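One structure, as structure tokens, below. Some questions next.
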Amino acid sequence: MTAEATVGAALSCRDIEVSYGAFKAVAGVTYDFRPGRLYSLIGPNGAGKTTLMNALSGGVPLSRGQVTLGGKDITGLAPHARTRAGLGRSFQITQIFPGMTVFENLRLAAQAHRYRLQPFWNAVGGFREIAREAERVLAEVGLEQFASVNAGNLSHGDQRALDVGLTMLGDPGVVLLDEPLAGVGHGDAAKAVALIRRLAEGRTVLLIEHNMDVVMDISDEIIVMLAGKILAAGPPEEIRHDQRVRNAYLGEDE
Amino acid sequence: MNRLRTTILGLACATSFGAAAMLPAHADEPDAFKIGAVISFSGPYGIIGEGMKRGAELAIEHRGGTVLGKPIEVTWEDSETKPQPAVQKASRLLANGAHMIFGAVSSASTVALQGLTDQRKVPLLVTISADDRITRPNGSRYTFRTSNTLGMEMRMALEFTKARGLKKIYGVGADYAVTREGWDFYRAEAEKMGVEIVGIDYPPLGNRDYSVIIDKISKTDAEGVILVVTGSDGVTFLKQAGQAGLGKDKLLFGPVLQDELLAAAVGPAAIGANSGVRYHFSYDSPANRKFVEAYRAKYGEWPNSFAGEAYDGMSWFLDVVDGTKSWDKEKWVDAFAGSTRENSVEGTKVMRACDHQAMQVGLWGVVEKGEAPLPELTMKITDVFQPEALFPPCAE
Amino acid sequence: MSTIVIGLSMGLLLFLLAAGLTLIFGMLRVINFAHGSLYMLGAYCAYQIVQTTGSFWLGLLVAPFLAAAIGALMERVALRPVYARDHVYQLLLTFGFILVIDEAVRLFWGLEYKQIAPPDLFSEPVAILGSQVPTYRLFIIGFGALIAAGLFFMLERSRYGMVIRAASGDPEMVQTLGISVSRIRTFVFAFGSGLAALGGVVAAPLLPIELGMGFSVIIDCFIVVVIGGLGNIRGAVLGALLIGMTRALGYTYAPSWVEFLTFVLLIATLVLRPEGLFSRKGRAA
Amino acid sequence: MSKLQPYSVALALIVTAIALSPLVLSGGNALNLVNLILIWSIFAIGYDLVFGVAGMLSFGHAAFFGVGAYVLTLLTTRLGWDFLPALGAAGLAGGVLALLFSFFAMRVAGLFFALLTLALAQLIYILAGSKLRDLTGGVDGLSGVPRPDLFGIDFFSDANYYYFLLAMFVLAIAIAGLLRVSPFGQALKAIKGNELRAEQIGFNVQRLRKSIFFVSGIYAGMSGALLASLIFYVSPQMLHWTTSGDVVIMVLLGGMGTLFGPVLGVALFEVLREWLSTVTSHWYGILGLIFIVCTIFMPNGLAGIVQQIWQRFSREDRR
């Protein structure tokens, strides 16, 4: 891979490092995520998957390296600025606004995305455009019937859906999903996967997932991380037969 | 809307308008002489409030509880030793028809009250706050003070320095506008008399540790240490000075450093401290003897300076009001402005017309061990300075 | 030289005042504004004991236990129902305590100033390097160091101290280990209140015992606790000494700037190292 | 709460009854008390924007309150400004000082934020009491604070001044009410609910907090100026941390996070302080007991109680 970001990469990182004192959680990762493709990030616990995602989303400061989004250097940007630049993110633990209704949750995301200076001269109901956007995503994630229900009272699955909805609402070009299927029972797994597919249409997606069947099924490319570095990357078929990956998972020495 | 909610709405409106019926009748000739007293019963000066109340009540009792033929009604309000509540409560008393305001204690509260009483044109009787600004030449028309001023007490300290022939003085003053001005005056006058000022320190108000300053002073050859500090700061200094033995070879004195109350707070270390005294029960005058006897009979203890000054000021003012035979406050003010009190508890007091400050003698004493029935630590009056030496002519 | 001795005595007295708060604030995350009132209560109790028994030492021993009992009562009755809620509710409760304790003291002892003389053993000053140092100050230095060492070993080295620190770090975990966290909390609050009273007794011979004395102490205690680091006895000692020395030097050279200086120190610490200048690892609340 | 909660109609009515009571209860007593309640309510409403809506426990609002009072006093008595421009400047001074505080204080959170704001305010208290003596009159403060002189009305009479304060109070409640339901207010509520997610969906959390702190500083500065002009006096006591403590107590007693709650809290606090001190000289301790009882048994303050009563009354039509 060339040193500069490949032209047209949706999101790319150059030699990024995240270290806590001497321990390097992410020890030099360079990778380009090309637009419209769905990447899965897999690897044993402690491989640095979530730290990498946090580094990309701005949640964690980089010790070294550079992150560019659509050719724009976002290494120094705070998370809220990265979201406005088109990088959506949802978390391993569902993060929603419990004290407000589902509709109000989505309207908040629309409001955050649309206005640089939050309007204070009129009641929020008076701003039709953010209400329309919220209604659009409400349908997309299939929560119409819960519109005026308090988000805190939703089932776990619906809360996950709302979480994804909040991420989608900013219409991000690149979406980072941290274990979207965590805690989702087998029954709803199919529904959740369908939701991810719908979210991924026309967008670049990077998700962390432990469920190998789902990973093999929906991923365009799989990236395997071990001890803070990329061990291997490629289409699902290639990764399935890659000896290094089997060793990493089954624990023989390299 | 359903039936229940309308009843609640109706209820809320009814309470706010139903009360309209209670309009009190407004009398023209007042049926009582109302005194609004705003003094501190809580906070640091809480102890002063009690003394003032007893003195004032005794003054009212001694005139049969009436003035201008009408009964006297006193409302006691707690100023919490803070200007804000003092003014809030005074404006309430004025709204309820107070004919005069008696108070406050701390100079800050009194200055605040002046703003209100001047605006409302109601007399303010001050019998304890000592800040000179309260009675400035042609200052506040409605304020009268019958007690000492800080300026007068600084002059007493000067007279004491001269009387004892002290040549080297170290000064300690609270970092506070009034005390700094007092010190500047003392320093200028003392240096004119050939006194050498060895050093000066301004610790913050409410300071809790004077050991560094005490140590500094003990290393100088100062003969006297003048302490221009307020109540509890003076106590803290004297206690800590006692433990360092500062008082053994240096004379500790101050304009308003000690009285029976503060000496009790210092303990044995207070003995030998010299101070100006605002009022003392041992002062030999017929009016004072009568007052002290009545006070001890009623309360079973010696009157402190707050009680004495309150008694003196209140009786003087009420006598003046009675003399005018009128309910017109302006007449009271004019009558009081030029009046002389022959039989005050401290001999003769003359109310100066130009600044409404009562010229009076200045008492000075030293703390010593008292035999029963005197308190354990009591002030012995050693000097009585004449008003002429203590009050500069009004033109100043 | 004498400035150092005075700085030491100021520092260790400050430590004695703040030790209780370091415990309560550090371990229970409660900003205890009533700490000053407990300090005052200790002084008044000691006065009463000295008045009736004539012995300063008895006052020094008994007053802290009285305050500890009152602290335990306050914690059990008022603080316990409020722990689950936002910490501002605990803070407001302590405001209520201030008013109640002040009123109780006013009712019981009235408005006059009270006073305790230092024990006869320490009534005469002693000459050290050319200055008359009150022996009571030396007692404060010794006694303060003793208490600091005792607290340090109790908290940092003893088994019970470990349990207390664990309970402050992760109450749920300690509860699951079968240790009653609520009893620990009552003990810590009572112990903190006792220390506040102890500070009151030790400071009493230096100051007039009056109703407002508690108020002037609260801010100083917060400064020591913040600079020293939450619940960190070693930090509290070093913090108190730092402030004691700053004040001693301040009073020597620029007395009117002393208070200003102390606050600048507090603000700098809060902004640069909220977890305290002397705490080992980052333990911001 | 985008749509108006039914019970807040009751709250609004109680507040209106309090605010309009001097019109019906004649005699200075009610007037004097209500003037105080109106002023402290403006301070409490402004404070609740930070405390209740944005969830930040600030312990330094006394600084903005006191500085506002000093700015009005100095501008009018020494520079001869008219009252209204000086009042505006007082509010602005409070806001700018609040912004300055927020740059320092928002580097930390929770208890440390409270302590840092406390320390910053105490710094200003000490300066006002000593170093800035010739500006602030030191510990004795400044008297002779004027009142407005508009259209020839003599505002020195408390009755007329009541109308001026009522107007300011209505303005304060209207603006606060609007802010709370506006997108700006919703964003703040989101930050209080889940700061991590709010930052992540694109809200600039720090800037939003600083701006509400600025608004709250304006409220504090103006209410400080109004109090100084009500009592013709300003002193460092208004900058003291106990004033910050008072406003926290008032908002908590009334019901934090609600528009009308703080006003009830102010009314309860002032009536208690005024009435209790005439009834018994031990009012101090009783006030303390009441705080303790209210804090334990009334977590949502008076507003919470009104809500419970309302729900019990209108049980049958609850959705």
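Every chain is named by a letter (A, B, C and D) in the order it is written, and numbering of its residues begins at 1.
In this section, a contact is a pair of C-beta atoms (placed from the backbone, for glycine too) under 8 Å apart; a residue touches a chain by one contact, two chains touch by 3 or more.
Protein names from UniProt, one per chain: A = Lipopolysaccharide export system ATP-binding protein LptB; D = Leucine/isoleucine/valine transporter permease subunit.
Treat the numbers as computed from the prediction; the structure is a model and nothing was measured.
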Quiz item: Which one chain sits nearest the middle, judging by mean Cα positions?
Solution: D
Practice problem: Considering only mean CA positions as chain centres, point out the chain farthest from chain D. | Solution: A
Quiz item: What whole-Å value do you get for the distance between chain C and chain D if each is reduced to the mean of its CA atoms?
Solution: 32
Exercise. Go ahead and note the Å separation of the Cα centroids belonging to chain A and chain C.
Key: 50
Self-check item: Separation of mean Cα positions, chain C and chain B [Å, integer]
Solution: 35
Practice problem: Would you please write down the residue numbers of chain B that are in contact with two or more other chains? | Solution: 42, 175, 204
Quiz prompt | Contacts with two or more other chains, residues of chain A listed in rising order | solution = none
Self-check item: Contacts with 2+ other chains: residues of chain D
Solution: 126, 130, 284
Quiz item: Given which chains touch which, is the overall layout a line, a ring, a star, complete, or other?
Solution: other
Quiz prompt | Pairwise chain contacts, counting only pairs that touch as defined | solution = A-D, B-C, B-D, C-D
Self-check item: Residue numbers on chain D that touch chain A, as the complex places them
Solution: 2, 178-179, 181-187, 189-190, 193-194, 196-205, 208
Practice problem: Going by the contact rule at the top, pick out the chain A residues touching chain D in the complex. | Solution: 57, 59, 78-81, 83-84, 89, 91, 95-100, 104, 107-109, 111-113, 115, 118-125, 127, 130, 166-167, 169-170
Quiz prompt | Interface residues, chain D side, partner chain B - complex | solution = 6, 9-10, 13-14, 16-17, 20-21, 24-29, 31-33, 36, 126, 129-130, 133, 137-141, 143-145, 156, 158, 227, 231-233, 235, 237-238, 274, 277-278, 281, 284, 310, 313-314, 316-317
Quiz item: Can you name the residues of chain B that touch chain D in the complex?
Solution: 2, 4-5, 8-9, 12-13, 15-17, 19-20, 22-24, 41-42, 77-78, 82-84, 87-89, 91-92, 94-96, 107-108, 111-112, 114-116, 119, 131, 133, 175-178, 204-205
Quiz item: Which residues of chain B touch chain C in their complex?
Solution: 42-44, 46-47, 50, 175, 201-204, 206, 208-209, 211-213, 215-216, 218-219, 232, 235-236, 239-240, 243-246, 261-262, 264-269
